[in-house]
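Letters A, B and C mark the chains as written, and numbering starts fresh at 1 in each.
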Amino acid sequence: MPDRIRIEKACKHFGTLKALNNVSLSVRAGETLVIIGPSGSGKSTLLRSVNRLEALSSGDIWIDDDHVSNDGANIRRIREEVGMVFQDFNLFPHLTVAQNIELAPVRVKKLKRSQARERAVELLARVGLAEKHDALPGQLSGGQKQRVAIARALAMDPKVMLFDEPTSALDPEMVKEVLDVMLDLAKGGMTMMVVTHEMGFARAAADRVVFMDQGEIIEEGTPEQFFTAARNERTVKFLAHIL
Amino acid sequence: MGDLAKLLHEFGPAFIHAALITWKLTIISYSLGVLLGIALTVLRVLPIKPLKVLVGAYVEFFRNIPSVALLIIIVFALPDLNVLIDYEPSVIVALVLVCSAFTADNLRSGINTVEAGQIEASYSLGMSLFKTMYDIVLPQALRAIVQPMTSLLIGLMLSTAIASQVPVPHRELTGLVDMINNETASGILTFAITAAFYIGTGLVISWAGAALDKKARILR
Amino acid sequence: MSTKSAEEALFENPDRRTRALIRVGTAIAALAMLALIAAIVLRFYQAGQLAPRYWEFFAWGSTWKFLLSGLIGTLASAAMAAAIALTVGLVFMAGRLSKIWPIRWAAVALIEFFRGVPSLLLIYFCFLILPSLGFKMSSYWMVTLPIGLNTAAVVAEVYRSGVLAVPRGQRDAAVSLALNGWQTFFDVIFPQAIRYVVPSLLAQLVIVVKDTTFGYVVTYGELMQNAKVLVANYNSLVPVYLIVAVIYCLLNYSLSKTSRALNNRMGAPATLSKAGGRLNRHAG
């Protein structure tokens, strides 16, 4: 299967701080990649580089054959193909749930509002929130907000979905509803890069797991390899902390 | 009671006229001040350092200087710099400068009530800077500033009293008190009527602002 | 995660074209700024305002002593007005929160009255109207009392918003500890309310200082009045008013800055900052 995402020798400095140090990684089409690691390991930075929320200091990223560059039009085009879900949901509080989902398709993809509305209804049903159509984000629980956020990203019909610690800000009883949606998405063949601490999800959905620390990839492997026979000492230590 | 009737008979029209002047000064200064304030905020939000510094200094200067001191500078000191502005325009200029500084400050605060994460989310969806400003930032910023901008309008109306300090061709309410007091002995009544105009206008604006704010409030 | 502001996020990680525009824009803006400063200095020069006779008296101690006494006059009036505002404001607030409706109505009326009229009008009342009724006041009180009462009305609302921002649970806790009404208010609620509103109160102090400028109307020796005397004596309008404007700005700026710094540290709850917008009616 072809590479959907190709990251080559990615470096990112914040002043003297090296957030990413020569990271190279590929994600095949339809693959679900889970990235784990301690805070400050650069995993968020890596994820955000894929949709150019962060600009690399050096190195290259390709989405299919599209190079992620510094050109404005190119960046916007890439972002139409790459969807992102944030830890803090970041729903637009002044718009209803339906309007949140419809906004970008209408404004960016120039869809007619009725078409966007149809798609929104479809996606809401898919994430299990059909009846929350006209609700405002302020009226939803954390888990519901995140599911709306996922629907909003999916409304753009992306080739890739990026998840930046999607359940870290949720109360424990709401984590499952979000992970279920993500699992569903993975099984449906979406190419996904997920930064998370939820090892259960990694075991169930990941094709590969990557461990990052201090801006570098330390170890890579299938979930079974990782959780039963991790080779690197730092990986083992980290897993011991969280499992 | 007889005094009141006499006062109204003699000065009724003058009161109305003065009230209209007060409202006129308020509306003109507020409109121009808000427009200028918006322009300043646009300049301030741009990632250009000299502009941020310049607008920042402007805002701090005109927020902290007493309006009447500013008026006196414009009317009495500027002619020495060969800048001659007529009396009533001077009042408007002073009020516009102060109003623009407060507006710029309020609008900037309003913009910053929007969480950075929403802007990132908007960009992630492929929205451009302009679309993000138009659909995400401004709707929320404008809702957030209804209350401070209502207070500013009322404050500006009360500040029109500084016009009484320079020989403007048409007296506003406070200037009228000065004049009437020179000509009659019904000081308290004059004062009461003038106060009623100010308070009444203030309450109407306050009520309208509160209604607008209620409509604008987003459920959090 | 990040404490970025919207302002920062809008232009973060710009694309190539935006970066170029920013560079060009910065260069143009810097040049424009320099041109502006040059134009102002040039205008001063052409109008002869840079001539020594307009500035030389600033080298004399007596000038600064006179300005300083003006500043002290400003601060004296401001301090007393603030004291009046803080105490009378408390009384107004107590009236506003009273369960007895005539008291509450009277308090509301007084508050709406004193903050609904310009302070200059109140000063005129003391200056023009009271004397004809037989009330004699020193110029100091003609400025300080009106400003004090005007600000008291605003302070009353500031106090009230602080009290309303104290979490409900505090009263519940106090009551369940068998504290009575007064104790609950003065030992539990009010101290917390005060801590929330200190930044707003400081912002009101800035307004008080700005209002003391009207002292020149009643020839009370505050900064503006003394400036006028200097102007009359040395016929030097621009430099004197410029210096005085700078002094006012520095004074108020430091008060505002302290207020903002305290606001960050004390972290007033969200409800309070919304109320704060409603309170600050002064445009100067």
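What we mean here is this: a residue touches a chain if its C-beta (ideal position, glycine included) is under 8 Å from a C-beta of that chain, and two chains touch if they have at least 3 such contacts.
The shown structure was predicted, so the numbers you read here are calculated from the model rather than taken from an experiment.
Taken pairwise by the contact criterion, the protein chains are fully connected, each one touching every other.
Interface comparison, A-C versus B-C: the pair with the greater number of contacting C-beta pairs is B-C. Comparing mean CA positions across the assembly, the chain most remote from subunit C is A. Distance between subunit A and subunit C, defined via averaged C-alpha coordinates, is recorded as 49 Å.
Per-chain CA centroids place subunit B at a distance of 16 Å from subunit C. Counting partner chains per residue, subunit C shows two or more touched chains at residues 1. Looking at subunit B, one finds that residues 115, 117-118, 120 touch two or more other chains.
Under the contact definition stated at the top, the residues of subunit A that touch 2 or more other chains are 53, 88. Touching subunit A in their complex are the following residues of subunit B: 115, 117-118, 120-128, 131, 135-136, 139-140, 143, 218-220.
Taken together, the subunit C residues at the contact with subunit A in this complex read 1, 12-13, 15-19. Across the interface of their complex, subunit C is touched by residues 52-55, 69-72, 75, 87-88 of subunit A. Within the complex, the subunit C residues that touch subunit B are 1-2, 4-11, 14, 22, 25-26, 29-30, 32-33, 43-44, 46-47, 49, 112-113, 116-121, 124-125, 128-129, 132-133, 206, 209-211, 213-214, 217, 224, 231, 237-238, 241-242, 244-245, 248-249, 251-253, 256, 274, 277-284.
In the complex of the two chains, the subunit B residues touching subunit C come out as 45-51, 53-54, 60-61, 63-70, 72-73, 76-77, 80-82, 95, 98-99, 102, 106, 108, 111-120, 129, 132-133, 137, 145, 147-148, 150-152, 154-156, 158-162, 164-165, 173-174, 177-178, 181, 185, 187-188, 190-191, 194-195, 198-199, 202-203.
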